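Common to both upcoming complexes is subunit A, partnered first by subunit B, then by subunit C.
Let's turn to the complex of A and B:
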């Protein structure tokens, strides 16, 4: 119990004194996971829209595939991306292994199935005739998409939260493809692993608290936005 | 309206961040990937050496801390430029087939057997290393790295040399690094084999005593190699050579010798230029 308390005290001190390493690692986590989530939205929202709206033969199969992707352990994604991007792999020439970009790529693949699934579910929950109705009311194609996205906004916000929450807290994939390099690819989760194996519990706890705080802050902001909006 | 706009702004901001993240590369002195053992890493030694090397040369070093086995495989597939490892028997085939060149002894320390302070198996009172292992085999439980690291290889070699079949032991494998394995051994009141450096760096957090030490079979040799650019395309050979030269530089060697020595009461590593065995 003593160790936990001391850890918490030291953690609060590190956070309060503006410890440079802590803040740069936290900033990097935000940057990397934020980018990955944004890219996942860019791809996942249209894909989820199509899956939620359209009816075609392979649709159920694809939805099952997406659901499987949601359950895929990040470390498996990490292994696959590592094998693809390591120097001897098919994309080795890009020299992306052990960079922030590599982490963004792997986190993109982790977040995208979540975004697709949440988007598809929220689009599907809209009344089936809504697009026809909008068309009758004189909305153009793009306008229709925009209005539907507005109607599905709660689901889309849930998609952001789920995607970001998954990647910011994921450790195995970031470790594998990022390499946990000091000042370059060390993010909060991999830093926690390092400090734990170095028996620096105080720092590990401090990083854990910051990680929780980031997740809490982002989800709070999104929830406030979600709840405030008039239905 | 506000929510959709919010989402839009959020996405746009993150994409901008992405562009920033990708734009901040890199100076043209080059970079190397150094695959290394966890022991040199968990002690913090490499952080310090690499920081100095980067300051001096502008070459970026990407330190990937894996076990010796994994580091050797990375070298064998050309996925690293240089490696720092400590399992001479496992290194030999990679040297023989030409994957590794320019091997140099960088430093030594020693392996030690640690266990509970009350030493239920009586390992500390055994007359020599092999009888200490035999007493642990009969009366103690043992926690192994089980991760194909240099320390794991050493442990298996010691059991074999002592004529003890590992399947007959009360022995568990963690599959994790030295720091994590020491913590598990401490919590389970078990014995384990560790390099002295990692033990010293962590011992305040552990309930483990040094029980067996000093046997000549327990010396731990850390060697650095360059990955052969003729066998593996894309190896940054000049930068890798520069790094190994830097490791052997008298100033770096002196740093290795005094690294955390005052803080922990004894040196963690013996630099190669001082070790009696000498360089290769």
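Let's turn to the complex of A and C:
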């Protein structure tokens, strides 16, 4: 118990004194997971909208595939991306393995099924007549999309939270494709694993606290936006 | 603003939903689209709104091809659908999308909400209104747009009996004040006769009768149309005949039939005798002070000649176009 308390005190000191390594890793985590989530939204929201609204023969099969993707262990995604981007793999020539870009790619594949599924569910829960109503009220195509997104904001922001939460907290995939290189591809989760294995409890706790703080801050902002009633 | 459908065909897959050679909805008139469920009424309304495109033919709104310009049409769906937010915000949205300035929007919302009796609900979340309130709000939203063409899909659905009775009284005045040309869908004959100046009778996607309501009502083109309009259809030795609603009375007359009484219902101001004649179940009003028959008894009932019409060749009487000269 004493070691944990000492660890916490030291962690708070590291955070308070602006420890360079800690903030550099935290910044990298935010950049990598934020980029992956943004890309997942870019692809997942339109795909989820189509799956939520349109009716076509393969729709159920695709939804089942998306649901399977949601449950895929990140380390398996990491393995697949590693096999694709390793030097001898089909995309080895791109030389992305053990780079931040490789982590963004693998996190994109982890977050996208979550974003698609949450978006499709939120769009499906809207009244079916809503697009017709907006059309007869005089909304153009873009205005309709914006108003529908506003109506589905609970689900859409839940999609951002789920996607970001999944990628910022995963460790196996980032370790596999990023290599946990100091000053380059080390992110908060891989750093926690490293410091724990080195028995540097203070740093591990400090990284853990920062990770929790980042997740809490982002989810709080999104929740405030989500729960705000439109005028 | 006039709306015209010409040579319009509309299908879902292989199923032909609507086949209309020509029908015109005249400026300033209130036309009721009537017919049984699945006859194509709502599809026709969606074509007028530009929510569907015909597979062939033309839909012209104010002589311009559909889809209509956004400011031309107002549409109240059968189910009242609202976005999240207050009723005021919901009423404001359509006006805002049509580019009206804030002061004009406020005035229009106030007028329509007052007229429809929802002014006290403007600050409430629209999605939490009760069934009747939501239907009134739905109507207020359409009327606030003051569009040249107003489309109403089953405007009296969702009301309880009292609310329906009230709205039936109020709606003609509201339409005169806020709407231009109006097309409304209903499957209720009495609603149609109460609200509309013209009737378009649809059956299985085809127009069976169209024109001023008195003309359509007094000259049904075929037994199916007549039956929907409330006529009693009987098979006689001379073929099928239709007897106007309420024409039967007790005793002998021009057109006499024998009625086997099934039940006698006392409605205080009158007595309704229900029974079977020529294989049809019919109801005849008897004065309350008359001698009443008992169940199982045979009674003679009759209708005057002017209220009985013959259908010798029903197919040839199918009407495909609306007269362009409405009777006031």
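Just so it is clear, the second predicted complex is superposed on the first by the 229 of 231 C-alpha atoms of A that agree within 3 Å, B and C clash if a C-alpha of one lies under 4 Å from a C-alpha of the other, contacts with A are read in each partner's own complex, and residues count from 1 in each chain.
The rule is short, and it goes like this: a contact is a pair of C-beta atoms (placed from the backbone, for glycine too) under 8 Å apart; a residue touches a chain by one contact, two chains touch by 3 or more.
Quick caveat, the model's predicted, so the values are computed rather than measured.
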Could you say whether A:190 touches subunit B, subunit C, both of them, or neither, answering first, second, both or neither?
-> neither
Could you tell me if A:156 is touching subunit B, subunit C, both of them or neither one (first, second, both, neither)?
-> first
Kindly classify A:143 by the partners it touches after superposition: subunit B alone (first), subunit C alone (second), both, or neither?
-> second
Could you tell me if A:179 is touching subunit B, subunit C, both of them or neither one (first, second, both, neither)?
-> first
If you stack the two complexes on chain A, which partner ends up touching A:199: first (subunit B), second (subunit C), both, or neither?
-> first
Classify the contacts of A:133 with the two partner chains as first (subunit B alone), second (subunit C alone), both, or neither.
-> second
Subunit B and subunit C footprints on subunit A meet at residues 150, 229
Where on subunit A is subunit C touching in the complex?
-> 127, 129-130, 132-133, 135-139, 143, 147, 150-151, 229-231
Tell me, which parts of subunit B touch subunit A in their complex?
-> 1-4, 6-7, 10-15, 17-18, 20-22, 25, 33, 38, 42, 44, 47, 62-65, 77-79, 176-180, 183, 201-202, 204-206, 232, 234
For subunit A, which residues count as touching subunit B in their complex?
-> 31-32, 34-35, 37-39, 41-42, 86-88, 92-93, 97-101, 104, 146, 149-150, 153, 156-157, 160, 179-182, 184, 196-199, 201, 225-226, 228-229
Interface residues, subunit C side, partner subunit A - complex = 46, 49-51, 70-71, 73-75, 77, 79, 81, 83-86, 89, 93-94, 97-98, 145
